[in-house]
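The two complexes that follow have chain A in common; it is paired with chain B in the first and with chain C in the second.
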Partner chain A sequence: MLESLIVVLLIGAIAWIGSAIGLTAVFGIVLPYVAVCVFVVGLVRRMIYWAKSPVPFAIPTTGGQEHSLDFIKQDKFDCPNTKWGVFVRMVLEVLLFRSLFRNTRAISFENDPVNNGPRVVYYSSKWLWFFALLFHYCFFLVFLRHFRFFMEPVPACISFVEAVDGVLQIGSPRFFLTGGILLVAILFLLARRIFDQRLRYISLINDYFPLWLLLGIVISGLYLRYFDKAEIAQVKIFIMGLTHFSPVISNLDLNGIFIVHLTLVSTLLIYFPFSKLVHMPGVFFSPTRNLPTNTREVRHINPWNPPSQFFTYPEYEDRYREAMAEAGLPLEKQPKPAE
Partner chain B sequence: MLYNKKAVYLGIVILVVLLTAPFWAGLFGQNYTKTGVTKPNEEACIENVEFMRAQHMRLLNEWRDEALRNENRTYIAKDGKKWEISLQNTCMRCHKNYDDFCAKCHLSNSVSPYCWTCHIIPVEGK
Partner chain C sequence: MAKLPTPQMLMASRPDFPKAAWLDTKPLFAPGSYCYPEKKDTMELLHMPNPHDWDPSAEDWNLPENWEKILCDAFEERLEKHRSLKLFMDICVRCGACADKCHFFLGTNDPKNMPVLRAELLRSLYRRDHAMLGKILGRKIGARKWDKEVVKELFYYAYQCTECRRCSLFCPYGIDTAEITAIVRELMHEVGLGIHWIMDPVKNCSFTGNHLGIQPHSFKEIVEMLADDCETVTGIRPKTPFNEKGHEILFITPSGDVFADPGIYTFMGYLLLFHELDLDYTFSTYASEGGNFGSFTSFNMAKKLNAKMYAEAKRLGVKWILGGECGHMWRVINQYMETYNGPTPDNMVVPTSPITGTVFKHAAATKMVHITEFTADLIRHGKLNLDPSRNDHIITTFHDSCNPARAMGLLDEPRYILKHVCNHFVEMPENTIREQTFCCGAGSGLNTEEIMELRMRSGMPRGNALRYVQQKFGVNHMACVCAIDRATLPPLADYWAPGVNVSGVHELVANALVMKGEGKRTMDLRQEDLPNVDAEEDQ
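After this line comes the complex of A and B, so read on.
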């Protein structure tokens, strides 16, 4: 937990010192380009790798009654047996995290009156689902809002998102709700790992690192907006230079913290394809989600099975008919009488 | 060998296009290389340029609170000079032209301050 925090702080410190000693071009131009390349190529490589992996068994997760006899009501979206059902399940999973909604938490009672002894009860636990949903949607909106730095003129839909986001009209620059909620959601996801004993026991550095990294990105971003300002006009000139492949940096006065923010984002992009964060494309490749539960209707052939050699009964009888007739065994087709 | 080729290729194309959206936006959109702000002719603003660039929004917000909530209409700048707290009479005495000054940065960076829900947008020559 602390190691990953130290790594994130070190990355930030290196970027900050780098920008102070005049290495802005390295952290501001070279690193973002490298990061985007690693990100895109890494993700595509991952997807190809997954697409090459055969699925030996039909292993859809069932969350309800399977398709069965007519008078038994099927759970169409939790246990779909059609492509359309799978599509709906996938949409619900990707947009609403439906499987996380079923999250439970085990609570053990030492002395429970129901069975006069220890007892484990699984309670529904929606907090993870709720904060995960908040986190993902706020992150998406924050990412979308950043398109004001990528597009000239800024399209009306982005301005609309900003208007809704800043509807409370607190302060100037206006407080954006998604930024604040994003911070709270990340802090919850982090606190969950740190303060829940059971979860802490199974948490590894690759669970903490992305959270600290995202926390660093969000804090540096909020800091640049509300406290020590990055001059957004200059930031936009800089970012537009990057996206037009004609980077300008020498005559711009960029805040050191902005370089830290950019470096942390680049780190996230580089880290993304090699970490658990690839669940973004990964969820679509998940056989427990994307296979229909039609195991009783359709035979799932293991793609790495060798080609089967069948010897059917009619063939068997054709080969041994004479001998079988001699032995007096029953035959479907009698041998032709000898001429 | 790839399984579900069609779906995988479609997914890869969608993902790559979405992830490189900032570059597409750059490729098909206009560039933005300078703000095009026209500074007024007067020598100096109430605070130095760096402060005004970075913190003018906070200053204006504080001015509003001071003037309207605390009824204090005097601002003492860092160099000790006293200024009247008034957008109309102090700021806009020099920054007369909304389109060439405020709007230049605000529009292209999608900043929509709510100054003008109460104040009147200045028009050149008034």
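After this line comes the complex of A and C, so read on.
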């Protein structure tokens, strides 16, 4: 847990020192280019790696009533037998975290008055769902807002997102809700891992590292916007230079914390394809969710289906013919009459 | 069998998490925590790889010399064969949503019984060989190398999972522990490690047609005895057609229902129902097993045992297959059968109920219909004369079996039937039924006596829910549609909610079924006196 925090701090410190000793070009230009390449190539490779293995069996998890008799109401989206139903199921899963929404927390009581003995009660527990949803949506909106730096003129939709995001009209520059909520959501996800005994037990450095990294990104970003009040115009010229493959640095006054922010984002991009963060494309591949539950209606083909070898009926009859004849069971071949 | 602690003691004796990190703890092979190993000659007979004698509690498991290479290669091969495996190794974020969804974890509080850690046992090995960061950083990021202790750990926890898929329902990415457990069990079999309670039925099913090893003549004899019992109760002796060609329907049900109490009463229910309908059907002594313990062994073994169904349907020239009440049997039929052994023989057609004319379009490819789908349709069309008051002494609840619930979606068909054959039906708490149902604690081949305390632990969530409705609503009966449940729930009920009986749905159907020309019913199928009979006569 602390190790991964130290790693993140170290990355930040290196970037900061780097920018101070004149290595801005390395952290500001080379690293972002490398990071984007690694991210794209890495992610595509991972998806190809998955796709190369077949889906031999159709194994959807049925989360509701099947499609069977016409007087029994099917659960069309939790147990979808059509492509449309699967599409909706995936949309619910990806956009609303349907499965996580089911979450419960089991609490054991050793002496429950109703049970007159032990009892486990399952309480609805939507906190993880709520903060996970907040985290992902805010992250997405913050990401979207950053397109202000990538595009000229700034598209109307980005300005709209900014307008909504800053609806509270607090402070100058105006406070964006998403940034603040993102910080809170990350802190919640971190606190869960640290203070919940079960989660602490299962958590690896690979679980803390991305959270610390995101925390670093968000804090440095917030600092740049609200405290340091980085020179937006300069940053935009710099970023536009990157996106147009003609990077400019020499005549710009880029802030050290900005380089730290950029370096942490680059680190995230590089780390992404080699970590659990691949759950982003991965969820679309999940055979328990993305297959229709029509497995008795349509044959699913297994490309490596091995040849059929089994104890055949003729072998069976050969083994038991006399006994079967005696029991009066029908036979393909009658036993040889006793001599 | 060791004496069981009381339910209170059992709950209180769940240990805290160990202080050491999970990579540093090892399972303790204490008696009662593991199943007995399979016999060497069984494995030889089945041509399983590396058969050998071994003892789970021993230090040395006598693994083949090149065990590490075998396992690494086998793992690699499965990654190439199953996209699910690659994906499930890569995308888990360890959010912990699955942790308290597992009945084994709830009952044992063993952290490695959290589905996430159960998968991490394998994932840690995957990281070392198949993930770039794991190669570089090793243990720091939870990667580790194969060693003999790891093999023991994989074995231990692969047989403390009933492949019930409850965790996969709650996982935001649909990671399915059943898939991981199934593959770990396959890996274990590559080095000759399996359990007797699974491999013995597999052997029997391979060579006699059913798990119990009942030979054809005995099978016929037992079913005829059950038909005699039907006659005692109803005055009607149902027909028992065997291996006959030219019928419309082949009926296949788990062999446990022919053999074991209380499954036999469900079987009698089938006999009476089919007789009343004058159904054009036959049993087969060759395909006399609906269940498939091969599916707890390996995908190929499941395919092999399943192959008999279509082969027999072809030989007998039936139009479609009707399947009895069973859990994992329906996982195989619903999600694997057509892929394994299809396409169906030419003589088979889309199943149509000969009584109501309903076309079961949803079974157009496998051509196999679940008995509760069939019966619910009969009731809907008013084809059965039912007297639910005969079940008035019963207040029943319904236990959704894992596989029909989460690998099929068969939820309302059995309920529809129950509500028509019983006047008193009560649901258990909502987070313990339907798609969120809890396992009986002993599915996927773990229904063996030597782990009885473990079974009571893993059955705790189900047992608690049952006790709740027993205490609150006076429930005295639990219906289910699974033969393993019918074997495992009675001891579970005796332990957690004494006084609750367990039966299949079709036992209750036959009790309520008013048959043409039947005698006055004074007994139920178990030949226990019906309590309200005398009262009626007095009136």
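To be clear about the criterion, the second predicted complex is superposed on the first by the 305 of 339 C-alpha atoms of A that agree within 3 Å, B and C clash if a C-alpha of one lies under 4 Å from a C-alpha of the other, contacts with A are read in each partner's own complex, and residues count from 1 in each chain.
The criterion applied here is as follows: a contact is a pair of C-beta atoms (placed from the backbone, for glycine too) under 8 Å apart; a residue touches a chain by one contact, two chains touch by 3 or more.
Since this is a predicted model, take the numbers as computed values, not measurements.
Colleague: Using the overlay on chain A, decide if chain B and chain C clash or can fit next to each other.
Modeller: Fit: chain B and chain C sit side by side once superposed on chain A.
Colleague: More chain A residues touched by chain B or by chain C?
Modeller: Between chain B and chain C, C touches the greater number of residues in chain A.
Colleague: With both complexes overlaid on chain A, does A:82 touch chain B (first), chain C (second), both or neither?
Modeller: So A:82 meets neither chain B nor chain C here.
Colleague: First (chain B), second (chain C), both or neither: which does A:323 touch?
Modeller: Second partner only.
Colleague: Please work out whether A:55 is in contact with chain B alone, chain C alone, both, or neither, and reply first, second, both or neither.
Modeller: Touch partners of A:55: chain B and chain C.
Colleague: Taking the superposition on A as described, I'd like to know which of chain B and chain C A:111 touches: first, second, both or neither.
Modeller: A:111 contacts chain C only, not chain B.
Colleague: Could you say whether A:47 touches chain B, chain C, both of them, or neither, answering first, second, both or neither?
Modeller: A:47 contacts chain B only, not chain C.
Colleague: According to the stated criteria, A:71 is in contact with first (chain B), second (chain C), both, or neither; which is it?
Modeller: second
Colleague: In the superposition on the shared chain, how near does any CA atom of chain B get to one of chain C? Answer in angstrom.
Modeller: Once the two complexes are overlaid, chain B and chain C approach no closer than 10 Å between C-alpha atoms.
Colleague: Chain A residues touched by both chain B and chain C?
Modeller: 51-55
Colleague: Which stretch or stretches of chain A touch chain B in the complex?
Modeller: Chain A reaches chain B through residues 36, 39-40, 43-44, 47-48, 51-55, 147-154, 158-159, 162-163, 169, 171-174, 228-229, 231-233, 236-237, 239-241, 243-244, 248, 281, 284, 303.
Colleague: Using the touch definition up top, name the residues of chain B that touch chain A in the complex.
Modeller: 1-5, 8, 11-12, 15-16, 19-23, 25-27, 29-35, 53-55, 57-58, 60-61, 105, 107-114
Colleague: Can you tell me which positions in chain C touch chain A when the two form their complex?
Modeller: 7-8, 10-12, 17, 21-22, 79-87, 90-97, 99-101, 106, 111, 114, 116-117, 120, 131-133, 140-142, 165, 168-176, 179, 206-207, 209, 215-217, 220-221, 242-245, 285-286, 299-300, 303-305, 307-308, 311-312, 315, 333-336, 338-343, 358, 360-366, 368, 373, 376-377, 380, 405-413, 416, 429, 431-432, 434-436, 460-461, 464, 467-468, 471-472
Colleague: Which bits of chain A are touching chain C when the two form their complex?
Modeller: 3, 46, 49-69, 71-73, 75, 78-79, 81, 93, 97, 99-100, 102-106, 108, 110-111, 114-120, 122, 128, 132, 192, 196-199, 201-207, 274-276, 278-279, 282-283, 285-289, 293-302, 304-306, 308-313, 316-317, 319-320, 323-324, 326-330
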